[in-house]
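Chain lettering (A, B, C, D, E and F) follows the sequence in which the chains are written, and residue indices restart at 1 in each chain.
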Amino acid sequence: MRKLLPFPLLSLFLWLTWLLLNGFSWGHGLLGLVLAVVLPLGTRPFWPNVPHLRNFPKLVRFVLVVHWDIVTANLAVARLILGSPRKLRPAFVELPLELEDDFAITLLASTISLTPGTVSADVSEDRRTLLIHALDMDDEAELVAQIKQRYERPLKEIFEC
Amino acid sequence: MTLAVLVLLPFVGAALPLLADRLRASRTVLALSAALMPALALVLLIAPAGLVFDGQTVHAALPWVPSLGLALSFRLDGLALLFALLVLGIGLLVILYARYYLSAQEKAGRFFAFLLLFMGAMLGVVTSDNLLLLVLFWELTSLSSFLLIGFWSHQSAARKGARMALTVTGMGGLALLAGVLLIGQIVGSYSLGDALASGDLIRASELYPLILGLVLLGVFTKSAQFPFHFWLPHAMAAPTPVSAYLHSATMVKAGVFLLARFYPMLAGTNLWFDVVTLAGMATLLWGAAVALFQHDLKGLLAYSTISHLGLITLLFGLNSELAAVAAVFHIINHATFKASLFMAAGIIDHETGTRDMRRINGLWKYMPYTAVLAMVASAAMAGVPLLNGFLSKEMFFAETLESSRLGAMSWVLPLGATLGGVFSVAYSARFIHDVFFNGEPVNLPKFPPHEPPRYMKVPVEILVALCVAVGVLPSITVAGLLAVAAAATLGGELPEYHLAVWHGLNLPLMMSVVALVGGVLVYSSRNWLFRQYARLPEINANLIFERRIQGLARGAAALSNFLRNGSLQSYAAWLLTLVALVLLVHLSPAVLDGQRALLPLDGVSLLAGVMLVVAALITAILHRHRMTAIMSMSVVGLVVSLAFVRLSAPDLALTQLSVEIVTLLLLMLAMYFLPVRTRMESGWPRILRDLLLSVIIGGGVGVMAFAMMTSDFQSISGYFLENAKPGGGGTNVVNVILVDFRGFDTFGEITVLGIAAMGIYAMLRDLDLLSAPSDSLGRPWARDAHPLVLVTISRPLLPLALLISVYIFLRGHNLPGGGFIAGLITSVALLLQYVASGVAWVHRRMPGDYHPVVAVGLLLAGITGVASWFFGHPFLTSTFDYLYWPLVGKFEVASAMLFDIGVFLTVVGATLLMLANLGKLSLLDDKAKEGA
Amino acid sequence: MLEIALPIGFGLIVVALVLNLYRLLRGPTLPDRALALDTMYINAIALIVLYGIANDSKLYFEAGMLIALIGFVSTVAVAKYMTRGDIIE
Amino acid sequence: MDTLVEFLVSAAILVGGVFALVGSFGLARLPDFYLRLHGPTKASTLGVGGTIFASLLFFSWQEQALQLQELLIVLFLFITAPVSAHMLAKAAMHRQLRRREDTRGRPWKQ
Amino acid sequence: MEHLIIAPILIPAFAGMLLLLEVRERQPLRRFTGMLSVLALLPVAWLLYQQAAGGEIQVYRLGDWAAPFGIVLVLDKLSALMVLLCTVLAVPALLYACRADDKRGANFHALFQLQLMGINGAFLTGDLFNLFVFFEVLLIASYGLALHGRGPARVRAGIHYVVLNLIGSALFLVALGLVYGTTGTLNMADFAVKVNQLDGGALELARVAGLLMWVVFGLKAALFPLYFWLPATYANATAGVAALFAIMTKVGVYAVARVYGLAFEQGALAGLGRDALWIMALLTLLLASIGVLGARRLGEMVAYTVVMSVGTLMAGLAWSSPESFGAMLYYLIHTTLVSGGLFLLADLVARGRGKLGDQLVAGPAPAGRAGLGLLFFIGAVAVIGLPPLSGFMGKVALLQTVPAPLYWLFLLGGGLLALVGLSRAGSTLFWRATGDGAERRLDRPRLLATVLLLAAAPVLSIWAEPVLEATVAVAAQWAQPQLYIDAVLGGGA
Amino acid sequence: MEAMVAVMIAVLVGTGVYLVLRARTFPVILGITLLSYGVNLFVFISGRLALDQPPIAGAGPSTDPLPQALVLTAIVIGFAMTAFLVVLALRGQGETGTDHVDGQRDDGGEA
């Protein structure tokens, strides 16, 4: 099983994608399954080290949180953009990373970018710090704490521990 | 048929000396091998000659190219016989002479081969019974003489002389060809017999002056008539046997031969008289006068030859039958004495090592025997009684007195003739006196000179003997031959004439006497004359000609380089100007007569259109800021894709979008090695010109587009819409067209892609390029080559993109998609791996040579096509069926899909072959930097 | 309702696109232009999706999906060019 | 079409359009690159998201079956869009683009 | 046997693909494959020619779709002749390349085969868009081949060649858009029928389409003022490639002949662009012969003779009588083979002279000077049109069938200029030699390839009658477009 | 709509022509690309314009599919040609040391 499905999450993801694309039918279910197995196997060499999913429910919860944040942040940022640019308080913020896994770090960076108002600008060479640009920052510590609490910690629980 | 064989014998014979040379045969054997075929030809000539003397004309014909009217047909009449005898007879003597003349180091085999080639060509000219064949042999004489004159190719003079002769006579030959073709048009046949019989027709034709001009151009160039005489003296750079043969006895006679041959066809008009006579007269006088002043022995003889050819030409021009007879007679006589004189000159050159008469003096003492022979021949040339030259010259004088065409000016002709005679005597006297007497030799390279080898003199002896025999007993020796030759020339009855040494005391004899006495007087005042001559500016025709040719070549190069100036901008402007002209001239408002209803224009489309226009204009305006231009061009691409969406072309939208991305990758790869900015280089005139072209062509194409869109038309497309599903098994008609109806186009298209990839690979291999060590702002490049976020995201995208590719591929037959787009998506996903993780990383995980992928893709497409043969169908016939599987249900299997997989693989292979190798380029550069 | 909402939606997005083009032309820096192009691609997705709704057709979905999936590769290439010069190394 | 559905679809379209415009407006108007970088995030999240939601509703209603295909667009965009932003930010920092003077913190050297 | 007609396309195509599969660059294997392919093409081309000579026009329906809906290949006498000619040229050209330059870059053999595929496809197709596709196949392959090897001059010429042809391709597409947009078809025969049913604006657009095609084909054929790319491109290509390129200009000539003969010989647009082609052809002839005279390298000189021949041919074509067309075809065969041979010879000479190459300045004598000199003499005589070789026959045929004073003047005058130029060149290269050249001895296979091509001059002369009969027969069929149209569209197929 | 498409084509062809006539390989590449866009659109519209009539059989009225297939082929070929030209430009840069279309060095000399 391990050999056939080295990355079960990926396979699941691919299978669902296939079904989303084609709609469900037995034929596509089968074909999608085949593809979901074959494609990760075929691209196996491109995956040197991938973290294993530890906690699926938390992942679901994380996704929902992020979506919620996207919506609310969008509203907030829209106000900022439409308002006077002078009032903006831009800042570069360095976020010390607790995450160690590349994949998790990337997910964190992406999440930060997806939620309006912050963009992850760089990852330090030692992968200990994430540079973030914020559109309008009130207090650096607060922002860091918020990110750590809402995104980094869940990610750590989902992929690492 | 003997005749045809006879003419072709020398050509065969040309191989023999070459063969002998190969076998390292002695020079005697070489000469014998060369002489074999001409001798045989001469023997074979005996039988037909008999018939000719009986008044018959012998014919032989082999078909060759009837479509062109070209046949290997020969005729032997008196004129042809006369010339055949000269060609073969003198040819044999020249071979014998050359055996001794050529030194041991020289490539005698080649020499004799060329000589025989020439002999064959000459024989062909004189015996042709077909006008085209005549021209063919005519040009062959030019070509073979080119080889002979240039035989001593290490000498600049020989090369130049050869080229000049070829150029001048070649030009004449081309003119003659044109003339002959016109004659053929009038006569309706290229048979010489037909043409000769159609003289009235030709002379009456309005093309006659043109024909005459063209033919005479051939004649005058070949026979070195004024003003085309200048090449002949420079042909003297040839070995003397060649001069003796070509430039006295044969080739230059081809011109006057043609006058004789075409006499019944072209002569008899005033135009003929005026042109031919005047050219002859001018040549006669010019040649005779200049000959006297030559210090080169062969130069003197060459100008004398020019002069005598002028005399013959003049005779033909007189439009009198007797004059024509005299001309033929003088041809014979001149051939004999001039050939012997050249040979004598060759002997002297051979024995003294020089041909400069200022150094050669008093040879009488050292080689009396040769001196006698040369003196007799010179006397013949001077027209001394009891020698052959006297007889024909007498006839010539007589004929000049007969003509009344010039009316009150008729005295000019005899006066000119006499004057020519005077100079002729003078230069003959110089040849005798200045060479054999006139004190002691001066500083000869070879001293003392001796008599030449015994057999080297034999040819001279024979020819001199002929001069004397004809001169003394013309009626026994030459009368018969002259009669048949003259009769053939005139093409009818011969006029009354008598060949005798003594015609009584008459005006012609007086003219001879005047010439003799005058000549001696002129010669005796030579020192004064030479001084006057030396004051004249020296005219070296060779130099002038060479300079002219060089100037011509320079001019040609200048013109060529002006047009082909090496500037792509100029070439492209020519091309586009042509297009603009087509549009300007042919695009009338009439094209806008369409009645088709217009589609409404909505705001979104309008704004999108404006965006495209703006982006395109910005691309053009800001093209010097390269990155900006690339970005604005991407906008154009995006809007074009959106336009395809809007205009019901989802397949095209997908294709355009994916191509767009790959193209941008490509450009970014290239930009690493290219300057980021373009300098302002075009001046305003050019920019305005280019703007004009852009406006005309862009506007024209736009107008045509509008005209097309607004007019209705009938097309074959209904067929595709109807048959896509039942016949092709798919509902996406575009895809069915691509893989089925017009699968062959697609086969070609993927081949193009594959070839492009191959060509790109070939260009990239071992290409050294310097990449920029810093960015456009002068900063060193960033350190982070493989950004973490990019790397991490790129990896799951690979299986995802592959999944999407499969999806796009499978649905292609029925819905937008297909192998091509799927292939591009896969390629982009793979390229992303390269971008994110680098070449080395990727190549550790997958083979880096994409040639086989392209090959397999193309082969798959090809084999799918071929497979239909086994079902009895043509290439690329597709088949499909519906299969039922439990659970899965009904699904379609089409051979076209296999073809589409071929497309997919080709696209993937080709794209990666191009871009991955382009990406690798920097690795080489890095290595180079490390090495440095 | 939809007849009103759709044109307005189209209008909003097209105006967004025009603003993107403005930024692309205006620059002033290369990253600005690249960002503008990237945004245009994204707005184009929205446009295509709306077009699908307007025409009640799902045929245009793949075009949007294609941009979403691989459109960013262009931006990545340009960004990599700006930082490293060499996009494949 | 059900009025409620139609209302929801219309609303989603308008939300999508507005956020797309706001994002692009920010891109056009904000004073430095790093600020402008925030604009497209709107477009790629709520802008596209709104239209996709509209599309989902619309086609699900039309075909009376759940149509989730369009979700893939959002999904893919969520995967890829942050990478663009990240890479562009790195490019901007490398080029040491001018930032608003009152920006706190400093970009990293590349 | 019915599939034989596609073999001239598929044999080189598959050979090219297999060569591409051979990744280890085993040169002998590659050479073997390439030679095998061209040698297999020889009997195929000959058989096809024999079939076509029977008079029946064969139509091959690709994908089993009838014209005008599917693409058809059409084998008539003209296309069969061109395919045969291409094959005959390809064998020595490849032989030479195998002994000379094929290793100087990657993928030579695959490119060579696919080039043949493109050329043969262009000759055989009966569909205008498919003609475009095969044009692109042959062009992209020719780009690769033209750039084979190294050197700035080659790249410079390559850029010019490629860019001009890219513009040409764009123009061709515009023309095809107009063709489809007015007549609604892409099949050549169908187009010929439909174009005569047009009127009004559509007819005007079709006229522009036709004229744009002439421009495009004129660019391929290298007519004035579109020939400027040719001398540098050909002169800088490696010898085998240049020899093969001798047929490339003829593809342009063929394309004009094909489309003109079908659609514009008679009917609504009869004589379309004929006068312009005539004038351009004459100017080409004149300027190219001036170019021959002014050339500074032998390769360039030969390239200019190729342009000269294009002028000669196009004028013969523009005269548009069956007789002149027959004569033109004879000349086409002659000039293709002989100029191919001269390109090889130029390379032999250049190699023999070492650093000086084929520059027309005095230098060391190449090995085998006498033999090479003789070959040059033969080639020059043939190219100039002097008797007794094929050029003379061809020129006489053309002069007889194109009785236009200006043409006579330019053809004969051009011959004279070429005579002056070539005699100077020959004299400089073979007579003015100083000392011995770079190579000790001539390479036999290279010499053989050269001799094989130049042998065309005497062979075509000796057997001028059968060849002329054949080309006249080709012309007779060409002059009856209805035969072609009926074969393609007829029988309700 | 037709007029706007015609204007688009005109501008694309016009700018393409202008850029093709520049002296450096890079603008020529841009020009060829723009020209291709314009020409592809031109071929495309030879089937006339139609809104929301994708050429899917059995799905209502359909626009002319043939030009679409032709343009697809043309796009692919155009891509191949552009790629070749780009690499050729690099080769030119590498061998002549300049990106001038005639290989003229900026100092006026020839490589």
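One rule holds in what follows: contacts are C-beta pairs under 8 Å (C-beta built on N, C-alpha and C of every residue); 3 or more make two chains touch, one makes a residue touch a chain.
Since the structure is predicted, the reported quantities are computational estimates derived from the model, not experimental observations.
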Listing by label each chain that touches chain C and chain E gives B, F
Count the touching C-beta pairs: is A-B or B-D ahead? A-B
If you average the Cα atoms per chain, which one ends up farthest from chain D? B
In terms of mean CA position, the chain most removed from chain A is B
Identity of the most central chain, Cα criterion: E
At what distance in angstrom does the C-alpha mean of chain E lie from that of chain A? 62
So, in whole Å, the Cα centroid of chain A is separated from that of chain C by 22
Approximate Å spacing (C-alpha centroids) for the pair chain E, chain F: 27
Touching two or more other chains - residues of chain E: 129, 133, 136, 140, 143, 147, 150, 156, 159-160, 163, 167, 174, 177-178, 180-181, 186
Multi-partner residues of chain F (each touching 2 or more other chains): 16, 20, 25, 28, 39-40, 42, 45-47, 52, 54, 56, 66, 70, 73, 77, 80-81, 84, 88-89, 91, 95, 101-102
Chain D, residues touching no fewer than two other chains: 18, 23, 25, 37, 39, 69, 72, 76, 79-83, 86-87, 90, 94-95, 110
If two chains touch, include that pair; go through all of them. A-B, A-D, B-C, B-D, B-E, B-F, C-D, C-F, E-F
Residues of chain C that touch chain D when the two form their complex: 1-2, 4-6, 8-13, 15-17, 19-20, 22-23, 29-32, 34-36, 38-39, 42-43, 45-46, 49-50, 52-53, 56, 58, 61, 64-65, 68-72, 75-76, 78-80, 82-83
Residue set of chain E touching chain B in the complex reads 2-3, 6, 10, 13-14, 16-18, 20-21, 23, 60-65, 68-71, 105-108, 110-111, 114, 117, 121, 129-130, 133-134, 136-137, 140-141, 143-144, 147-148, 150, 156, 159-160, 163-164, 167-168, 171, 174, 177-178, 180-186, 190, 194, 200-202, 204-205, 207-208, 211-212, 215, 218-219, 225-226, 228-229, 231-232, 287, 290-296, 304, 370, 377, 381, 386-388, 392-393, 396-397, 399-400, 403, 408, 412-413, 415-417, 419-421, 423-424, 427, 430-432, 464-465, 468-469, 472
List the residues on chain C that touch chain F in their complex, please. 55, 57, 59
Touching residues (chain side chain D, partner chain B) in the complex: 76, 79-80, 82-83, 86-87, 90, 94-96, 110
Which part of chain A faces chain B closely enough to touch in the complex? 10, 13-14, 17-18, 21-22, 25-27, 30-31, 35, 39-40, 42-43, 45-47, 102-103, 105-106, 109-110, 120, 123, 125, 127
